[in-house]
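In order of appearance the chains are A, B, C and D, and numbering begins at 1 in each one.
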């Protein structure tokens, strides 16, 4: 996940949000090790949004699945998802919007978006990833 | 959120509690960045009350909505609210009593109150905020 | 440490600061268990001041001595003070301004003040404690 | 600190780094409450750089002075700076490169840069801030 790719993802996700009339988004892009490459929080977003976006993306990398899949697990076993989040230090937010980024078969990072509904957040992440010519894994 | 405004909110919230015969209240007033401006814990309140009041107010700022709205989300998706709280460091208490403070359209801080029922805590927060000539957002 | 006493300490410490021309102060008053009773952060104080004032007062209670004595220990054994702070969760700031409050022989709480020089912070704490008819222990 | 201003700061700081031949930089821009507005980590930067840049900027806001001033304090009282950092949760990196951003007299945020020498990091932060028409406070 080089910085230019991350910047492309951020810009395209935000453009998606503006075209779709979404609330202010926060976009966080992580490398495969879970470390921040780029982040932007739009005006009007509340103060916890970086951490929530980070938690969506980091949790996806931590469990190796998009946060939509982790939400499905939480619906069945909330105690597991809560405990897994605690085990990894808190950064696991199990609702859609945390999307793995693949280049073919290779995992190259993750995107976390928060601000509108979780479904809309995820759609913005997918738009951003695809604009960079990469593949999004939402679950 | 200057200190005199915060002190006015604390005093008026406590006066509301005493007139209404509420149990001992703890009142925490934060600036828009979530940092303490003023706090008072009434005699007889238990030892965890500062942290609970702080968590009501901080959680409201983190998510951009009064803690009553976050309770509604927790009723539907407890795992999300638990995870969001962990992601932001623990300070998110999702029951009424965490109220955003606005000066017109501008967010100027938050108030967290705990000690009586959540509904009564919230009423005291609203009374305090309105006594300062500001607008309360409970959800 | 009842709330009225804590309020008296806060008000007198702040009055001392204003008379002495000190920078904006943050005053935190804790009960003997280390829990917040009252706090005020004056306009213009930076955002970390509540935590630093809390750390001065909590550290004083944790080690049973005013923070001036802990500074003396830090000058000799910085590794001990750093480790003790980590052991208790981080809230131990070893410079003057964390003052134990006694009522005769009985420990009734602690005051932490930050904002000006450490010596001036401590003087404000002592002024506040004495205005409440109590005894200050700075080391 | 709106996002467009933050993006201007990031772009100008990075341009400064490239013109000056600096190592890969990480640039973090915070609002006055210490919350991320924008961040970029250049290719080749090591994995801890976001946290270090964040710590330079957050520490500047927490203490109300640029991180160069905190380094001077650390040279005299390392135990204080270590303890203050622990008290605020760890995010305090006391070397140059954490710069307060002012719009006239008003504090509007902070920038943290890391990657090259601390002096060069700071110069990049100042260049970014001035490119946005704002004033940099390095100590």
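The working rule: contacts are C-beta pairs under 8 Å (C-beta built on N, C-alpha and C of every residue); 3 or more make two chains touch, one makes a residue touch a chain.
The chain list, named the UniProt way, goes like this: A, B, C, D = Heme-binding protein.
The structure displayed is predicted, hence computed values, not measured ones.
Chemist: Between chain pairs B-C and B-D, which one is joined by a greater number of C-beta pairs in contact?
Modeler: It is B-C, judged by the count of C-beta pairs in contact.
Chemist: Quick one: chain A (Heme-binding protein) and chain C (Heme-binding protein), Cα centre-to-centre, how many Å?
Modeler: The computed centroid separation for chain A (Heme-binding protein) versus chain C (Heme-binding protein) comes out at 43 Å.
Chemist: Taking each chain's centre as the mean of its CA atoms, how far is chain B (Heme-binding protein) from chain C (Heme-binding protein) in angstrom?
Modeler: About 25 Å, centre to centre.
Chemist: Distance between chain B (Heme-binding protein) and chain D (Heme-binding protein) based on Cα centroids, please, to the nearest Å.
Modeler: Chain B (Heme-binding protein) and chain D (Heme-binding protein) have C-alpha centres separated by 31 Å.
Chemist: Using the touch definition from the top, which residues of chain A (Heme-binding protein) touch two or more other chains?
Modeler: Those would be 47-48.
Chemist: Could you please write down every pair of chains that are in touch?
Modeler: A-B, A-D, B-C, B-D, C-D
Chemist: What does chain B (Heme-binding protein) use to touch chain D (Heme-binding protein) in their complex?
Modeler: Residue list for chain B (Heme-binding protein) touching chain D (Heme-binding protein): 31-35, 89.
Chemist: Mind pulling up the chain C (Heme-binding protein) residues that touch chain D (Heme-binding protein) in the complex?
Modeler: 45-48, 51-52, 54-55, 59, 71, 74-75, 78, 81-82, 85-86, 90-95
Chemist: Note which residues of chain B (Heme-binding protein) are touching chain A (Heme-binding protein) in the complex, please.
Modeler: Result: residues 32-34, 59, 61-65, 77-80, 82-84, 86-90, 92 of chain B (Heme-binding protein) touch chain A (Heme-binding protein).
Chemist: If we count contacts the way the header does, which residues on chain D (Heme-binding protein) are in touch with chain A (Heme-binding protein) in the complex?
Modeler: These residues of chain D (Heme-binding protein) touch chain A (Heme-binding protein): 2-3, 6-7, 31, 33, 35-43, 47-48, 50.
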